[in-house]
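By written order: A, B, C and D. Residues from 1 in each chain.
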Amino acid sequence: MLTLILILLPLLVAIGLFFIKNERWARNLALAAALIESGISIAALYTYFNFCHCQLLFRFEWLANYGISLKFGMDGLSMLMTLLTNFLVPVVIYSSFTQKVERASSFYSLIILMQAGLIGVFTAFDGMMFYIFWELTLIPAYFIAAYWGGENRIRITLKFFAYTFSGSLLMLVAIIYLYFHTPLPHSFDHIWLYASNLNPAEQVWVFLAFFLAFAIKIPIFPFHTWQPDTYVTAPYSGSMLLGGLMSKMGLFGMIRWMIPITYPVLNRTDGFFIIFPLIGIVYASLIAIRQDDLKRFVAYTSIAHLGLVAAGAMALNAQAMQGAMIQMVSHGINIVGLFIIIQYIESRTKTTSIAELQGIALKAPRLAVLFMIILLGSIALPLTNGFVGEFLILLGLFKYYWLYAAVAGLTVIFSVVYMLWMYQRVMLGNTNTVTESFTDLSWKEMIPLIAIVIMIFWIGIAPGMFMHLAENGVRQIIGVVR
Amino acid sequence: MTILITLIPLLPLLGFIILGLGYRSIPKHIASIIGPGSILISFILSVIVLLNFRFSPFAFRFFDWISFGNLSISFDFLIDPLSILMMLIITGVGFIIHVYSVGYMSHDEGFNRFFAYMNLFIFFMLILVMAANYAVMFIGWEGVGLCSYLLIGFWFKNQQFNNAAKKAFIMNRIGDLGFLLGMFLIYKTFRSFNYVTIFDLAKTMSPGSGAITAITLLLFVGAVGKSAQIPLYTWLPDAMAGPTPVSALIHAATMVTAGVYMVARSGVLYVLAPETMEIMGITAMATMLLAAAIAVFQNDIKKVLAYSTISQLGYMFVALSVGAFTAAMFHLMTHAFFKALLFLGAGSVIHALEGEQDIRKMGGLKNAMPKTFWTFLIGTLAIAGIPPLSGFFSKDEILANVFSSSQPMWIIAVAVTMLTAFYMFRLIFFTFFGSYRGNGHPQFSNIHESPAMMTIPLMILAFLAFAGGFLNIPELMGGSRVLKEFLAPVFADAVKLNQIPHMPVPERREWFNIALVLFLVLLMAFRAFRKFGDLKPDDGNRISGIGARSIFGKLAENKFYVDELYDAVFVKPVLKVSGALHEFIEVKFIDRIVNGTGTLVVRFSNIIRYLQAGHVGAYMFFMIIGILLILFFNIIL
Amino acid sequence: MNALNSIPISYYLMFCSILFCIGVIGVLIKRNALVILMSIELMINSINLLLAAFSAYSNDPAGQIFVFFIMVVAAAEVAIGLAIIVLIYKTTHSIDIDVLNKLKW
Amino acid sequence: MNSIISLSVLGVLVLFLGILKKKTWLLPLILVGLVASLMMTLLHWNMNRSLFHNMLIIDNTGVAFSSVLIFSTFLIFLFAARYYRKVIRPLDDIYAIMIFALVGAVLMSYYGNLIMLFIGIETLSIALYVLAGSHKEAITSNEATLKYFLLGSFLSGFLLFGIALLYGSSGSFDLYAIHSYVVDHIQQGLPPMFKAGLFLLIIGLAFKIAIAPFHFWAPDVYEGTPTLLTAFMATVVKTASVVAMYRFFSITFFGIHGVWEMTIAILAGITIVIGNVTGLYQPNLKRMLAYSSISHSGYMMLAMVAFSGRTANALLFYSVAYSIATITAFAILILVREARGNDYFGSFNGIAKKNRIEAFTLAVAMLSLTGIPPLAGFMGKYFLFAAAIEQGWLWLVIIAIAGSAVSVGYYFKPIIAMYFREDQGTILQSGKPFKVHILFLTLLTILLGFLPFLLSGLI
């Protein structure tokens, strides 16, 4: 039941928000709703731990004769991703308060709508529901990016939409195809889909369809070219949602749907498909080094980081997948933090060009410290959230094939190279005309960042709870794979 | 007891947190109590630990860190002689340097920030040495790297310094990757990260097995990065950009020796991998020779010391490579004392000369700042290996061990010792003897001794540098080997399993060696005196160093252009590739394909829409063709 | 009746098909709306004949009934058609079908 | 049966009202009448009987589809008043003809005999020829009607020829009789004459549904015809023709496959490609909608190809979803034309700023046509794709999804224009009733998306 509330509440709030004229109320209501949502998900967590390790299932025969049912629930993975969503969305909303949004009511209602979609994706236990919510998130994302976006947003966002949409259509076909190969009576229920029997050739096709859809969404090299432009042109809240949560949909889909259903392909091709994300890691890292626009820079770093996660997810062993889950959470938190900081920098200096910035640390020590911590998180320093996931992923990859781990491990070096160089050029050195009058963060502005920093250290030092949640789901999936 | 032990690292952390959060509000005088104070307490605690240590190593769990399924990485501490020794060195020397810094940094506006970083560093360093498994060690391992980054780039207004800091961190990270992979291989081989389990399993394995060789090599890569060996040593000289106490603490006494500690800690693994030992030996040889050679030609007081550090680290690795772990640790300790002392002395000199670091602009300071001079002299004698100072004993032990295993190595080691003596005495003569050459600024008259806050630490260190050696007087001189006995249980297995042949050396030969080395050292000292005994401002070519003359000198003076080489081979290409990838692959290839499909469809559309020509006749014609085709295919075929 | 029997059905089929094709070709090659209309009529009448023949041969009245339906409908169609052509003529002063191609692409 | 009678009566009544010059009563009467006949139609639910020796077969398929036809007409009439606001004369003729056309359509959904099919088609077509030309002054309208008339009668000639050949070979117009004939002859292969007849019939229907290569009339005629009647063509005519085709296959080829499927499949593929790709280049909404309707007939053929028990339902759902969305689009189109003179995408710029509801509804309609969940359009597509995949027509489905991917390119044009481009000025003057109507349609679209089981399990 809680699960259903988690999905319905934002849906209703989103609809309600459309009709609110007063923008100030709209945004406050949005924040309130998001916070309530987080509260509910914490309640869900509580029940999950204390009363039942059951999955808070909600089931309703939606299209009985077509085997589609509204089946939502929360196992560890869903719980983890739901928590992430409900942690990040309030942060995103709050951080958007610092600057002026026109037609705020629509803006926030779209954000909340997207939240509903995301939670639907993360909690769906029915293939068709998964697809429906998967697409549902695309619409608000598109509108946010295209309406409140920067220059030549129309072309870029249309490309983004068409690209991802084509990918997911393939997935739709794959899901329907699977449906007809499930044991009788056919059903989209994930257990049925897991049990679907395909011959090797069919498996390959289904796998490719899934892989393409997810690879575009995450994105994995070489299907990533929509992403940097979109991140740059989208408003900050949009970029945060895209980078922090939407990319996770792809990874989550891989772990929840692609791998349990088509792992034999991964086995047979032994790790051929891991090569794409691996290339992506090196490639994107190299490109990131020379980027001048901060948002573009973050975009490329996230390609590199998510490449690592994807590689971990496809390595088909417990450690790597566990790491992937944890790293999804960490990356979500870190990238949102980075975007918030860039947002603050731009709102003060009116530029995101690394070349024009300099010596901000002199003027804004608070910003510098928080920035440094988030940065350390994303270069995976031990005792920050980045490390736990990255360590486990690399460990798992090493178990899979040592060379992969060695290549993926290059991220350890590269991340330091590009991150520190960026930090040095933006924050360190002496101030210049642009950063002369840079004012330090106010407490109001620091709140979201502090929340993020707390998460960074929490996951970094005591990942126990998160590990436990992830483990529960990962064990199931590895069980299927074995 | 366990609480006390956990407090040892936690107190510095607490100091860091307090100072970090209140880096604006907390006044200097309070900060200067919190900073060193926290270290002092944990030093006292370590002493307590030492006193009630009953020669049985014991590990205990602090908390569960990363654990799921059969993988469990818990935050464990291991207390055994080795870690106790390191803890004492870190907290002890650390405390002294903290005290010194209070004086040294007194005028810096980043005072609190400085002590926050320093405390954080101590915290990580303690984690590194107290860890009971490689994963936790890695926390410290990376943490100290971070702190060194923060402290090298402490004056971040200056982008040069920031570059140095970045370089240090990156090179460390290269090593860390090796360390990580090593850890993974360890886990794959032994299914655990715990020292005890690993070593117990390893003992049963046959020497020279592939897995262990690979593990040890990968770990050694980590050590190379951390302890500035070839090829990853170039960051250490640049690291001198940081404040001098930092150089003393991090880049001389503690962090850079982490590699040595790690290898000693994993001694069991290393003795089982002879190939690794050989590689390590060769690397170390090359490193210490190169570094010593460069040091001879440097004119920056801190650079000289930096290169000497590198070569001394090489010394320790040589000791490790012949399985003389105690010797290595012993030298590590003494080196911590006298190198810290030397750096702090140099610091006091720089302090007095208002930031001047070029020894060619110094001279005749021994009257101006006697305390600094005498302590510095003690340090020099110690490092040069003049009995009965600490350096003599530690070096002698290493040399003895090396000699017993292979003469050629011994010869190189001796050569390095000679060079060491030469450049150290050159340094001291340049700095304190002769006449003042800093033309005008600052006036010689207003150069004066540093405050007590700085000189007292110097004296303490000087005492340690003098007396530190007596901890471990070889039997040869009828001494008691306190340290050896103390560390024996740690290295017992390693020594037992050691593969490197040790031929017994007759006592007479040993005495002869000692005498020979001593003689050579004195010779070099004398030679240094002859060349630079009393430099006048006018005699330029001697001042400008030997570099001017020989081609070799030129090379050495420019550090054999290694930095330039790296720049040309790694840095520039990476930047080029980065640009090229983005321009050609990303934009002009991949993205063009993506957009191309789009435009292709539109073009196609633009073509076929002309079918819709608007003429009814044409439409009828098309339809008829359609009809005929359909009938044809369905009926005739 | 036997006169009818003496002609095999295939003849009717052939004849009507040819007639139909003539109509089709007329539609295709002519540009004059009226002529096209006539050609269409020709097509339809060939079909009528065919249907009549079929029904006669399988002595089943349905075919011939259908013919009446067709005639009615055809009449209506022609009425509409002529009206449309008149309309066109009013606006364009021509009944050439190619004059009108504003709507294209 | 009731519906046919009632509708005919309604038509006549309308004409009488026209004679009596009771302009104001016209539309209310029509709407009430349509609702009434809708009710009457629904009375036939689950009473399966055949009238006049199988001339008409009253079964749930027929009932459902004819209800859909009547309902769509009702929806279109909702906007009639708005559309003909400026016209003074009663317009009884146009309304009456629309209703008669509807009668023809309903016949097509009930027929059990090829004669009835022919009469239905012709009633529908002849009425439409008139309607297409009803805007006498506009040369475009004239051209539209001429093209429609010439092509229509030309193709109905082929249809007739087909019927004749079928009759010749099977000896009857009755679908069941033809079915038994097929059953007898399917083993030794159907004779060429029969096949020829079959395919000519299919072609005749394909023309009405606008399947390539018989789609050429659609864009021109749609563009030229008065917008309201274009909506009628795009929805009612298409649905009626599809259901006619379905009836023919479902009865005559009951349980027999493989004779015509490949042909239809190929035609469907071509249709989807041409419709979507050509639509990409269209400068104005009306013509774009024409191409979109072509591509949608292609999608509907997916279900036809994968013929199974569920086909009828898939077609029903799809045609409903498609009709609702299309009617919405045309309604907004009427507004925009009125306010801004033309319907080039440029004239949609910035509508969202001042006319939020109109923009929203059009956006929803477009998304539904694109097939974005959770809107009706998606469920419709899902049923079609599912049917096709079940029967193993994977390549056709791949073409279809490629088409949908391309369709984003044109369905988003109005959305982009309305929301993301700068405003042009004139506000759309849409009264309250209009707003209510379009919101009602949008609500239906969303509702069917969320609760597809309302329609999915009917037949």
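A few comments on the model shown:
By our rule, a contact is a pair of C-beta atoms (placed from the backbone, for glycine too) under 8 Å apart; a residue touches a chain by one contact, two chains touch by 3 or more.
What you see is a predicted model, and the numbers here were worked out from it, not measured in a lab.
The central chain here, found by comparing per-chain C-alpha centres with the mean of all protein C-alpha atoms, is A. In terms of C-beta pairs in contact, the better-connected of the chain pairs A-B and A-D is A-B.
Centroids of subunit A and subunit B (each the mean of its C-alpha atoms) stand 38 Å apart. Computed from the mean C-alpha positions, the centre of subunit A lies at a distance of 43 Å from the centre of subunit D. Centroids of subunit C and subunit D (each the mean of its C-alpha atoms) stand 27 Å apart. With centres defined as mean CA coordinates, subunit C is found 66 Å away from subunit A.
Among the residues of subunit A, those touching two or more other chains are numbered 162. Multi-chain contact residues of subunit D, defined as those touching 2 or more other chains: 146-147, 150, 154, 219-220, 281, 409.
The set of subunit B residues touching two or more other chains comprises 598, 609, 612, 614, 616, 620.
Applying the touch definition to all chain combinations yields A-B, A-D, B-C, B-D, C-D.
Taken together, the subunit D residues at the contact with subunit B in this complex read 146-147, 150-151, 154-155, 158, 192, 195-196, 199-200, 203, 207, 212-214, 216-217, 219-220, 260, 263, 274, 277-282, 406, 409. Touching subunit C in their complex are the following residues of subunit D: 115, 118-119, 122, 126, 129-130, 133, 136, 139-140, 142-147, 149-150, 153-154, 157, 160-161, 163-164, 167-168, 171-173, 193, 219-221, 223-224, 281. Contact residues on subunit D toward subunit A in their complex (touch as defined above): 367, 372-374, 378, 382-383, 385-386, 389-390, 394, 397-398, 401-402, 404-405, 408-409, 412, 416, 419-421, 452-453, 456-457. Interface residues of subunit C, counted against subunit D in their complex, comprise 9, 13, 20, 23-24, 27, 33, 36-37, 40, 43-44, 47, 50-51, 54-55, 58, 60, 62-63, 65-66, 69-70, 73, 76-77, 80-81, 84-85, 87-88, 91-92, 97, 100-105. The touching residues of subunit B, when paired with subunit A in their complex, are 20, 23-24, 63-69, 71, 135, 138-139, 142-143, 146, 149, 153, 156-159, 162-163, 166, 169-170, 173-174, 176-177, 180-181, 184-185, 187-188, 574-575, 577-579, 581-582, 585-586, 590-591, 594-595, 598.
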